[in-house]
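Next come the structures, one after another.
One chain, chain A, links the two complexes that follow: it is found with chain B in the first and with chain C in the second.
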Partner chain A sequence: MTGQPSLFLRIGLPLGFGIAVLVLWELFVVGFNIPRAILPAPSEIWAAIQRSTAILWVDWVQTVLKGALTGLLIGAVAGFVAALAIDRVDFLRRGLLPVANFVAALPIVGVAPIMVMWFGFDWQSKAAVVVVMVFFPILVNTLAGLAATDRMQRDLMRTYSASHAQTLTKLRLPAAMPFVFNGLKISATLALIGAIVAEYFGSPTKGMGFRISTEVGRLGIDMVWAEIAVSALTGTVLYGFVVLIERWVTFWHPSQRRGR
Partner chain B sequence: MRRFGPVLVVVLTIFAIWYVGSFLMNRTWVMDQAARAGTEPGFTEVLRDTMNQDRAKLPAPHQVAAELYDGVVNKKVTSKRSLVYHGFITFQATMAGFALGIIAGVALAVAIVLSRFADLTLMPWAIISQTIPVVALAPMIVVLANAAGAGSLMVPKAIIAGYLGFFPILVSMVAGLRSPDGMQLDLLRTYGASPGQVFWKLRLPASLPYFFASLKIAVAASLVGAIVGELPTGAISGLGARMLIGSQFGNPMIMWSALFAAAILAALLIWIVSGIEKIAVRTMGGGQT
Partner chain C sequence: MNRSVISASDLSLTFQTNDGPVHALKDVSLDIHKGDFVSFIGPSGCGKTTFLRVMADLEHPTGGSITVNGVSAAEARRNRAYGYVFQAAGLYPWRTIGGNIRLPLEIMGYSKADQAERVARVLELVELDGFEKKFPWQLSGGMQQRASIARALAFDADILLMDEPFGALDEIVRDHLNEQLLALWRRTEKTIAFVTHSIPEAVYLSTKIVVMSPRPGRISDVIDSPLPKERPLEIRDTPEFIEIAHRVRDGLRAGHGYDD
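What follows is the complex of A and B.
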């Protein structure tokens, strides 16, 4: 492989691909006269976005700000703190890690109807679903990260006569950060899925999942695509935001170094 | 015992917390009923009543177990109330999506490793595709699949499952196909191997451990996709549809049994796939350490 590609290629090629897909989509819909109730053209979706910005904004606040982000914050902090607590007690680590690993692989989205039953239709139930979905990936990844230091490094800390807290804050937590951010990246996408899924089980008359399911029923397909566009943008920005923080926190990690 | 002891303790603790939780959460209803009837129930009566409600806020573990047993064993497999029936529908969609995910993931990975252009163009979009909440797309996939002439819900569900399943395979296969180091590539060059031979004789065999390692994650993701695909699509059969029905009729037992059936299905799938992985690794002469 020859050297690093220029920034122009790295951004230009994927962007060009995206634009090409949109243009083909537009031509396909116009050329074959696809009815709007099946697949609207990108221009029609854009028109729908401009037409109903107010509705999209209300839905976005309900689903993303109140549901997904609140849940993501609570779940991530809870998972992280739980991992720190479990890491202190060897017995818990040996007992909980297999269980947590197992639970992390299960289809946790299934708790959505139960949370809606417990916490009602409003955003609290959506946040609760997100908390449960996000908790285990963060827990498992943080625990794996805390175990990532090797014997030599821990021994070095011991020769410095570092306390448990010092070893934790100066060696093991920084070393765990790449793993934690891995968990956060998984969680960022899970959070949106959880918040939207929970709305299919009942919601007040706003929210992205609610809007999508009602507009499908009314054949307002361009509105559905508008919501999809907003959710796609939100998901990508949220993921990008996590990557940015990761770059800032784990600048020392080999995977973040560039320009050798 | 050293390995299983702690796990056992943790699992038992979870059950204990669950029982306490169902006592606390269901007590309000029992007290409410008692207050209406004008009686003053003792502790044992409250305890008994909290453990056996039909519409409990949090059904006790033995209730969920009984419902699961009832749905799996007592109902005929063809019955619409059998969990095996619904589980099988979801299983079919999961497998179809899993297969789709393997094909798409491997094909994309090969393209990305062989072509620099594809690497720069497609890889960012593969990552972006996973940040788009697939549940939002799901209803549209159903509409489009129907317009394209797919007769059943199976096709859109498989597409949604594949959409979630392909990504772990893609990432691992890219890493695996790139895993041969300079020394090995140089050796093949000294043999005068063509790019095709390098691919078939070095890169592909080297990627197999990565491939099998990613299958477990992919099958779990496919199952999530299949369940999620049943929610907004108006499906009436499948574990996801079962959850929706339980939610709409306000019947917690249906939701809980569907949730646990899904968990058991996930555990089975992961167990089978890791079994295949072990056999494959052993046949290839790995895993001797």
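What follows is the complex of A and C.
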């Protein structure tokens, strides 16, 4: 319990900084009379958020809940399962890994239109883009984690004459968890970016990416910033949520041990 | 009582390395009888660990033969004939002390009730009762090593293979653990093979002391100890003890043939 920064330091300090930045921003925009089309003041963005809550909510459900999170879930599970398979069957390591590597190198601007052709304009094609984006980081990190046990830990299992499945569940998977969560943290950020950007290549008349691109055209810059604010907040919360689960699952890891 | 538990004849093991072959063991023959406490002593690199790992089927000899409990080392390992204590405690950090000791029991399919009863019993044996729910990283090095010994004692193996288990501990802790180990050996009548660097430790613990020398790794002397089974720490000041220690020292010196 000692040596832990207090609640004030951990939450109050960043919050204070954030508020200070907003205040300076407001003063800057008002003081120098910056045109709204260049940079709206925080108060104007806030007004836009209040004015358009219904639209923002619809966009959020479309892009975050349906596109990003569905894609993240499917991609993460697929990457994890593929890692288990590749780890078990050497033939897959030689065959599948290079293919996965190749797919990971595909640019999103190429993948997104193709997914729209395959899965239609709605959120399914956005989720598919996210799946492609997060699959590889999860796969690679899980594989690295499965290889992260040391010889003595494995020898111990051998002295017990443990089966492959027992060694996997009781040693290699727990040891892999810190790596898996590194992959998840990268993927959580990628998923949001992917789902928003993918909407630039065709979408129904809703979604955060759709809204940003159309509002830019209509010079509704305060609405663009409102969407940016919502996506930044969502990204932060999503990342924080993953970190929270990570702390709970890998409490034993040297980087997580605190207050125990 | 004279049944041979471990029997090696003309055992050789050559590692092929980039710098050419390393003769870790060369023509090693040894019989360990039921209830023996055998120490292996010699300068580092003389093949002590390798010998123990061959007994445990963690390493495969390139010549000669070895039987454990009358069968091949591989079959003995599958029969879970031995408990192995590594040089480092090697407890899994995501498991509590109790959970670590339960690990072999879970793998070997002991019932839940039996597991709990055995964990409690071996924790008492190594004087760690009350620490069952602690995590390894909350314990001192000596306590972790005791937990790793408890882990090797939890299941019914009548052979205990120990590779410098107290090597990293300070003298006082070591003395105490030596006493405990000796008491445990008398009570359980296990057959123990014990690797050490320390002459007093070898003489104090053993019924048989195997002196080894390097390049190639071989046995240079086998000393049967005349000391009684009951050994208070003060026995180390008796003339008999000192005489055996002398003989071990001479054996080590003769095997060396150079100074480093």
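To be clear about the criterion, the second predicted complex is superposed on the first by the 232 of 260 C-alpha atoms of A that agree within 3 Å, B and C clash if a C-alpha of one lies under 4 Å from a C-alpha of the other, contacts with A are read in each partner's own complex, and residues count from 1 in each chain.
Convention: contacts are C-beta pairs under 8 Å (C-beta built on N, C-alpha and C of every residue); 3 or more make two chains touch, one makes a residue touch a chain.
Keep in mind that this is a model prediction, so the values were computed, not measured.
Trainee: Between chain B (first) and chain C (second), which does A:124 come into contact with in this model arrangement: first, second, both, or neither?
Mentor: In the superposition, A:124 touches no partner, neither chain B nor chain C.
Trainee: In the superposed arrangement, which partner chain does A:43 touch: chain B (first), chain C (second), both, or neither?
Mentor: After superposing on A, A:43 lies clear of both chain B and chain C.
Trainee: For the three-chain arrangement built by superposition, which of chain B and chain C touches the greater number of chain A residues?
Mentor: Residues of chain A touched, chain B against chain C: more for B.
Trainee: If you stack the two complexes on chain A, which partner ends up touching A:160: first (chain B), second (chain C), both, or neither?
Mentor: Only chain C is touched by A:160; chain B is not.
Trainee: First (chain B), second (chain C), both or neither: which does A:152 touch?
Mentor: In the superposed model, A:152 contacts chain C only, not chain B.
Trainee: Once the structures are superposed on A, label A:101 by its partner contacts, choosing first (chain B), second (chain C), both or neither.
Mentor: neither
Trainee: Is A:208 touching the first partner chain B, the second partner chain C, both, or neither of them?
Mentor: A:208 contacts chain B only, not chain C.
Trainee: Where does A:193 make contact in the superposed view: on chain B (first), on chain C (second), on both, or on neither?
Mentor: first
Trainee: Shared contact residues on chain A, chain B side and chain C side combined as an intersection?
Mentor: Common to the two interfaces on chain A: nothing.
Trainee: Looking at the complex, which residues from chain A come into contact with chain C?
Mentor: My answer: residues 152-153, 155-162, 166, 170-171, 174, 250-254, 257, 260.
Trainee: Across the complex, what residues on chain C touch chain A?
Mentor: Checking each residue of chain C against chain A gives 56-58, 77-78, 80, 82-84, 86, 88, 90, 92-94, 103-104, 106-108, 135, 137-138.
Trainee: Given the complex with chain A, which residues does chain B contribute to the contact?
Mentor: Residues 3, 5-11, 14, 57, 116-117, 120-125, 127-128, 130-137, 139-140, 143-144, 147, 216-217, 220, 223-224, 227-228, 231-232, 239-240, 243-244, 246-247, 250, 252, 255-256, 258-259, 262-263, 266-267, 270 of chain B touch chain A in their complex.
Trainee: Inside the complex, what are the residues of chain A that reach chain B?
Mentor: Per the stated touch rule, the residues are 1, 5, 9-10, 13-14, 16-18, 38-39, 91-92, 94-96, 98-99, 102, 105-107, 109-114, 116-118, 188-189, 192-193, 196-197, 200-202, 208-209, 212-213, 216, 221, 224-225, 227-228, 231-232, 235-236, 238-239.
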